[in-house]
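Some notes on the structure that comes next.
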Amino acid sequence: MPAPEWLRIRRSKEGGKSDAALWSKCPDCGDVLYRPELAENAYVCPKCDHHFRMSAYDRISTIVDGDFVEIGNDVLPGDPLEWVDRKTYPNKMQADREKSGLSEAVVCGFGTIANFDVALGVMDFHFRGGTMGTVVGERLALLFEAARQKKVPCIVFTASGGARMEEGMLALMQMAKTTATVTRFVEDGNFFVTVLTDPTTGGVSASFGFQADVIVAESKAMIGFAGRRVIEQTIRQKLPDQFQTAEFLLEKGHIDMVVGRRDLKATLVRLLEYAAGGRRESEKRA
Amino acid sequence: MPAPEWLRIRRSKEGGKSDAALWSKCPDCGDVLYRPELAENAYVCPKCDHHFRMSAYDRISTIVDGDFVEIGNDVLPGDPLEWVDRKTYPNKMQADREKSGLSEAVVCGFGTIANFDVALGVMDFHFRGGTMGTVVGERLALLFEAARQKKVPCIVFTASGGARMEEGMLALMQMAKTTATVTRFVEDGNFFVTVLTDPTTGGVSASFGFQADVIVAESKAMIGFAGRRVIEQTIRQKLPDQFQTAEFLLEKGHIDMVVGRRDLKATLVRLLEYAAGGRRESEKRA
Amino acid sequence: MNVIVEREKGLLELEKRIAELRTANESQPVDMAPEISALEQKYQEILRDVFGSLTPWEKVNMARHPGRPTSLDYIGRLDRFDELHGDRHFRDDHAVVGGFALLHGRPVVVIGQQRGRDTKENLRRNFGMVTPEGYRKVNRLAKLASHLGLPIVTFVDTKGADPGISSEEHAQSEAIARCLYEFTIARVPIVATIVGEGGSGGALALAIADTVIMLEHSVYSVASPEGCAAILWGDSTKAEEAASRLKLTAQDLERFGIVDEVVPEPLGGAHRDSSGSVTRVLAAIDAALGRLKALGPQKLVEERYRKYRRLGVWQTERREPIETSS
Amino acid sequence: MNVIVEREKGLLELEKRIAELRTANESQPVDMAPEISALEQKYQEILRDVFGSLTPWEKVNMARHPGRPTSLDYIGRLDRFDELHGDRHFRDDHAVVGGFALLHGRPVVVIGQQRGRDTKENLRRNFGMVTPEGYRKVNRLAKLASHLGLPIVTFVDTKGADPGISSEEHAQSEAIARCLYEFTIARVPIVATIVGEGGSGGALALAIADTVIMLEHSVYSVASPEGCAAILWGDSTKAEEAASRLKLTAQDLERFGIVDEVVPEPLGGAHRDSSGSVTRVLAAIDAALGRLKALGPQKLVEERYRKYRRLGVWQTERREPIETSS
């Protein structure tokens, strides 16, 4: 592998561009919130606990202790289908790059959480709706492979509308590619955690999203295989609000726990402690 | 292990004692059937296809090619709880021995089916309702261990009211004992088939009964965990006739196939052929 | 009606009176201390008389006592507990509680059957009767523990597996059979404790273990006494007689080699000193885990095999021991 | 309305007329053979004209043609098939058919997605859309095959996984994710054939394979064209446009390295010679199994890993190849 590029984590710049962007309206309680304060509060509405979607770098900064070594950021998108609709695929990507400050829909790398070395992958819904194309698959595959080499736990935050249409079947194949690297990582006895955030659907939930040892979901996150609208169109009726929420999935037994964002880091630390303890005990017993 | 006792399989003698016993009434269609003819027809009513419960030796004679080498028949019951109710446990056992011509509720051994070497365990409902006590557990454990040594497939015909009360917790522990020997047998890559016959419940269905690679059920057999009466008492209503039948379980996805008794041997032969083919291919690939 | 609860009613009256007298005594000129002391002695005598030696049926009632510490009382006293939910398929069964925990600082996966103390909680917990979804949660957590190298600690407290229609429809037999399978091959230490009632296969599904601990007055039985009476005599009211025959006490089961260790309870039952009882049980589990720690996964599974392979009582002409080598 | 079926209507008329003429000719004094022959030539011309080169959308319709051989048409032509039912927990999903089989004398585990040809059969088969129970059956059979050392042969034919309420409630994502996991680690040869429509993750769940075969006019797509149009443009009627962009034909996918082998179809589609088409597909599967036979389980899993590890198109400054060693 080539030498990884070292990166200091940085706050994403969104919201700093104009006065209007300094304020956000909470979609749940309607309160108008000052964004810098919202950022301090991990993008959780202080009034009603609504969890705003987070950018990947914001997320990383709330989770890791300090430095974060990004890997796979030299893997950049191609245009295998030479896709054109109202815009070309490269043009769409350029727009999303500018809007989000990201080079693709996932950021991967290594850092520490309460001094535990971890591999961390964080998807970002602001880039093409977090859809998985070749680059997302490749970066995650590199992450799982490197985590396996280092024998460190891997935590992936998902946020995805599913597979990316504009890369066609090559996008679908990323389900197979990520699964291949997950199986090797897990079958070697390593610890894999996913944190499903709003929204997580389709090709991401139906591959590594639900292959983890422990599956955590963020409060009120929408999680499912089929999108809500697809189901409503199929059954020709409206679904209850609760359907496909994290809390609904907990009751249906699909996920291990629902955690509010402000408790998330502490929860992850405890999970890492258990896994580290298990590894320690096993090594003693072996 | 001591030298096994060689036994020619023999037809059980039931029904040969008096004139009245020469005739059986079919509980389904009410037809009065001549037992020698019924025996020729594998105890299936020629009119309505009702499957009469079979004795272990009758079953063995319809399945194996010829000779059958019984094992574990030197394992004989004790009376660990010194059980007494209206009768002592040894007295109950003596009565069942006389009635059934069996020394316990299972017959285990080795034979061939269409020239495939197999380990065969056959439970008999006529002995203490096929309940599993120490001897049933021990004989089956010996069977699985020997089958593992010989690397031959194991087929077990179940027929059981569950664990035997009169041996208390030692009876329950036979679920653990049989499971222990099943896991070793199966994890070594051997082929395990159960044929669930009428009735199979409780400690037998909830241990080796449902641990097999392929689970076959005989037509219309009653199969479940809780007995029908227990459930009816709990819910205080009558259950539909279809509930807990083999056909019901097939629809509910619990079992692989429902087979009529007259097709059973042919089905088992085909299953043995697939497994033998797999083993052959694996050995070539290894 | 619970016979232990019935008996406690009289004692409770006496306890109350002694407490009242003691309070009154503080603000009175005449010292009644000797009289109070005599009363207390009397009380202790009655206690010994009533609870000093319990019949099997009384132990069944003790095991079912509404005040008896339940799995969550033990889990709640662990250094830490992070609950993990669900079977990943269908439902989160609240009759089973499981997750990661620290027991005396030791990371483990803990799994317990949970009954309720009142009607509302009993409905939520289905009276501690586990459905197939619950057993699949157990199975999944056992696999997770095995994967991560964490010991498994279970608390058993159930009348039996849920006997309802939907449990049959969801393959209760298969769910239990798979638990037995998984616990047999799990490559980590397993310590099971029967804290209340251990009823039939539904209890055994959590109790194939390297060390099986049992509280002094817990019971563990091939079937509930009611069930046994119904099966044998078609009369579930003969439960007391069944209890007396089934050899379901900790003392019997230790003798049979089914239970490895019996943890004593205070006179009158664990609920008379819940905190102390929980402490003693957790200490026993910790000690067992300490002993098992030295064994590698292969040795552990092999020893577990040998243990269950030899259980039972039978006659045979064979003189050689049962073969148990791998 | 299926555009292929529409076109065939005209042709069917012509076919019928030719057949009638031929019958009439036999009992007539005037020989019309030359005229009939001319008509037949015309018919062949039209056939080539209409079906000689199909657009992606036409191929989608070909893949969905009600007469196109379905999984059971292939399975029915195996030397032998013994169906195995159910997920062991909850239900037997008829949108998936699986079991032991002999393929050219070779024992295999075969698994196919099955749609119906008429309304009744479509209801029973849920239009070939598999529920979580179905995927759990697939998973179970894949494990069984791996356990017994039997190759896995799959037939893919689905618009996509079932998107209904109960499928979501029963964890469709988890069910598919587990299939992907199992097919990745299965220690036996896997050959998947896309025989009709391969729609999204619901198809991929049966299609991680050492050899992926595709019929000439089958399609295999990240989403159904209708779904893609709805997702991207909020308008499912733009399916034809989506089809033209998605690169979902066998020829495209062979080029991308996603499909290993394309089996030709007769002019006008597989259903115009079902028997011959089935024969060709089974021969291709058999040949693939023959090639894979030599590989040991470790090598097999390693090669499968390498194959899926490298799929995708991206830019990078790195010069070293992607690491794929175990």
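Labels A, B, C and D are assigned to the chains in the order they are written; within every chain, residues are numbered from 1.
To be clear about the criterion, a contact is a pair of C-beta atoms (placed from the backbone, for glycine too) under 8 Å apart; a residue touches a chain by one contact, two chains touch by 3 or more.
All values derive from a computational prediction rather than experimental measurement.
Contacts with chain B and chain D are shared by C.
Of all chains, the one whose CA centroid is most distant from that of chain C is D. Taking A-C and A-D together, the pair of chains sharing more C-beta contacts is A-D. Separating the CA-averaged centres of chain A and chain C is a span of 42 Å. Centres computed as Cα averages put chain A at a distance of 33 Å from chain D. Chain centres here are Cα averages; for chain C and chain D they lie 54 Å apart. Chain contacts: chain A has residues 210, 252-254 touching two or more partner chains.
Contact of a single residue of chain D with at least two other chains is seen at positions 88-90, 169-171, 174. Chain contact topology: the protein chains form a pattern that is neither a line, a ring, a star nor a complete graph. Chain pairs that touch one another: A-C, A-D, B-C, B-D, C-D.
Chain contact summary for the complex, chain C toward chain A: residues 80, 82-93, 100, 106-107, 133, 137, 144-145, 147-151, 293-297, 300. Considering their complex, residues 1-2, 74-81, 83-85, 133-135, 137-138, 141, 145, 161, 163-165, 167-177, 179-184, 187, 202-203, 205-211, 223-226, 229-231, 233-235, 239, 243-244, 252-254 of chain A touch chain D.
For chain C in complex with chain B, the residues that touch the partner chain are 161, 163-165, 167-174, 176-178, 180-181, 184-185, 200-201, 204-205, 208, 220-223, 227-228, 230-233, 241-242, 245-248, 252-253, 256, 258, 304-305, 308-309, 311-318, 320, 322-323, 326. Against chain D, in their complex, chain B makes its touches with residues 186, 189, 191, 210, 213-214, 250-257, 267, 270-271, 273-275, 277-279, 281-282, 284-286.
Contact residues of chain D toward chain C in the complex are 88-90, 132, 136, 169-171, 174-175.
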